[in-house]
């Protein structure tokens, strides 16, 4: 099932650079693993903001929450989730 | 270039049903033509709302505006456009 | 799967009373049928407002949208959908 | 009487992990005790967010406030309370 | 139990004056009857706005909703309800 | 003259407990003194939130500001003031 | 006592021009009479909007409400009132 | 002096097409005249919306208001005005 | 030219009292000097809030920005500026 | 392609002055270099606020994001980006 997710990252500017870089590296690896698994088919950078629009494809709400709440950057994020249904005009 | 678009449709409930159905039919055809052309790669129904999230892939802002402002339902829509850049974690 | 839904009904005050009553009757029947089917386990009136909080239990986003968009009052509604996961503190 | 409550938890990311875990453990125990008592019939995790929708069933506003304001996580929460009346379409 | 209620009245300016005056008269009588019954202990005009803050004292949420939803002006109102608990500093 | 006031208290969770308790004690004494003087006829706890609705009865805006800005918790508060006029339906 | 008032006028574009002009003329006369009486010391046009910031100087909230609610344009207005106290830096 | 202006146009979808086209033609002519006069140096279409960002260069607030309030589409517009000062990093 | 300005001051409650008092003293002196110069004709305290409404009378946007951005409390302020034109009903 | 950008800078008031001045100097140099390159044709100070409206002229969303996210002040900024199309009334 498809979920549209907006993630806004709010890292404190005075965060220790080493901690920051490690977090971001872990986040990248975590996301890429899920992308390769097919569970995270889309991720786009919102131009000009430290935020992204993503589409995740997972079994259900619980799996979605499990994935999102384990994002390394989760404690620094504002997240908005929208359930996506099939659009009647969608062309396959 | 990719644009994320949210479209909320606000058709007056007392709109003449025939007018309404014709509008919706023209909207569907218009959208599907663009989808087949590759300019409208994604369109999802926001579950529970007369609204959609779409991603359009067009040359520039002018083409985007030309496409959106000619949507048959445009006069009844609230539209939000977001420019999408490539995400640093994106796996090809 | 569980979905939390807020529905705000905005009927025009000058709507023909007969039309209004028929709509409300159809809405009640539609909702009660779904309640009896187990797909609509909870519905509460938000005290003081023509609005409700509901929890629907359906297979997926598409079924949710199909149910909500066919509510007789749908054209007069503002709807907000939230995907509900299992809470780690939930006691069975 | 039923109260719909939204709780958004905003724990500072740099909170001492031991303090954090202790808080969360106390919160879980506190909530589960109330759930077993029947005063907290519903608690759902809002998928993707450190937040929940709950329904509490208590005698009156004072008891509601006493319960919520004594949540271990209360100092870190934004809380919204809505009074729930019986919906005219509710099927028993 | 005490409920704090904000009522914003939005009468269409082009409403038939006779209909308008009748509505307002019925609203006044309805409110005054409840005030005399002790269920509506406070009602203040928000200076400069066609709105009021009120405090109602009723048995429970259902009675509150029954009273508010039967206000003659209810179809023209935006209403916000807040449950009021006893304040720890309250001096009797 | 009557003023409706909403006070939201945002005490930092990591405030020294002794400082916190002293502040709250001073706040209580300050408020109760004003209540006994008749200048603070109503104070209700907003159920579930560290906030209150109050009605103050003072000579004018200056006295209102002098009272509110000298609340011990004032530096930690968001305050909204509304001027209350007599409601045309008010029953004495 | 001084009240800061923002008035946003929302006249329907399709209002009968004669009705519109008469309303605006009555509004002007009403306002100028109050200005000459000293009760309306300041009125400024918000540049670019059909709105104004005003300062009224009246005895109390009731008089303020009586004046504002009798504005000919009142039914077409959104009004925000703020009580103004003397500023500690004010130079006479 | 420079003013940043956002103009959102909200034409009723059921406006008589002839009236609509005449309005839009008059608006275009009015704007172009001001552009040629140098008072309206910038006008951009907000991609996807019936709205524009403009920069006007006029003598003062009164001239700005006179220009904007006489826009043929003014009755159908929401307008936001921002005063623009010279930026300290501006390169001539 | 007249500018309406709202200034909300958000001083951290744990700011060193000596620093705080010095800032406030400098702010007062700065403001009073401008008031005596005629550039700051109005300043009112928003009753109940650490905020003010002011009207400044300066040559242009640049001078306005220069004055406001050099307020000692500027780093702790949220500021909203509105350009004020002459109101057509204004009585001299 | 043209992008309208609003940048709000929120520097912590207690930031080390040396760090602050260095950041601002680097920001100025960075912006002026882009201005001279033609990629940043407009930058205006929003009068009264530590914010600016800018128009950037770059190849695409990716270049826009690359430029904005490398602003020295980026970690302290809230940024809003709007895609600008050619306005049908634009006079060359």
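Details
We call the chains A, B, C, D, E, F, G, H, I and J, going by the order they appear; numbering starts again at 1 in every chain.
To be clear about the criterion, a contact is a pair of C-beta atoms (placed from the backbone, for glycine too) under 8 Å apart; a residue touches a chain by one contact, two chains touch by 3 or more.
Everything quoted here is computed from the prediction, not taken from an experiment.
Contacts with chain C and chain G are shared by E. The minimal number of chain-to-chain contact steps leading from chain B to chain G is 2. Here A-J and C-D were compared by C-beta pairs in contact; the pair with more is C-D. One of D-F, F-I or C-D repeats the interface of G-I: more than half of the contact pairs, counted by residue number, are shared by C-D.
Where chain F touches chain I, under half of the residue numbers in use are shared by the two copies, so each contributes mostly different positions. Put simply, the C-alpha centre of chain F and that of chain H have 45 angstrom between them. Centre-to-centre, using mean CA coordinates, chain A is 49 Å away from chain G.
Averaging Cα coordinates per chain places chain I and chain J 26 Å apart.
Annotation for chain C: residues touching 2 or more other chains are 2-3, 45-48, 61-62, 64-65, 81-86.
Of all possible chain pairs, the ones that touch are A-B, A-C, A-D, A-J, B-C, B-H, B-J, C-D, C-E, D-E, D-F, E-F, E-G, F-G, F-I, G-H, G-I, H-I, H-J, I-J. Against chain A, in their complex, chain B makes its touches with residues 2, 4, 27-28, 31-32, 35-36, 42-48, 52-53, 55, 82-91.
Every residue of chain F that touches chain I in the complex is listed here, in rising order: 3, 5, 12, 61-62, 64-65, 68-69, 74-76, 79-81.
Within the complex formed with chain H, the residues of chain I that make contact are 1-3, 60-62, 64-66, 81-86. Interface of chain E with chain G (complex): residues 11, 13, 45-50.
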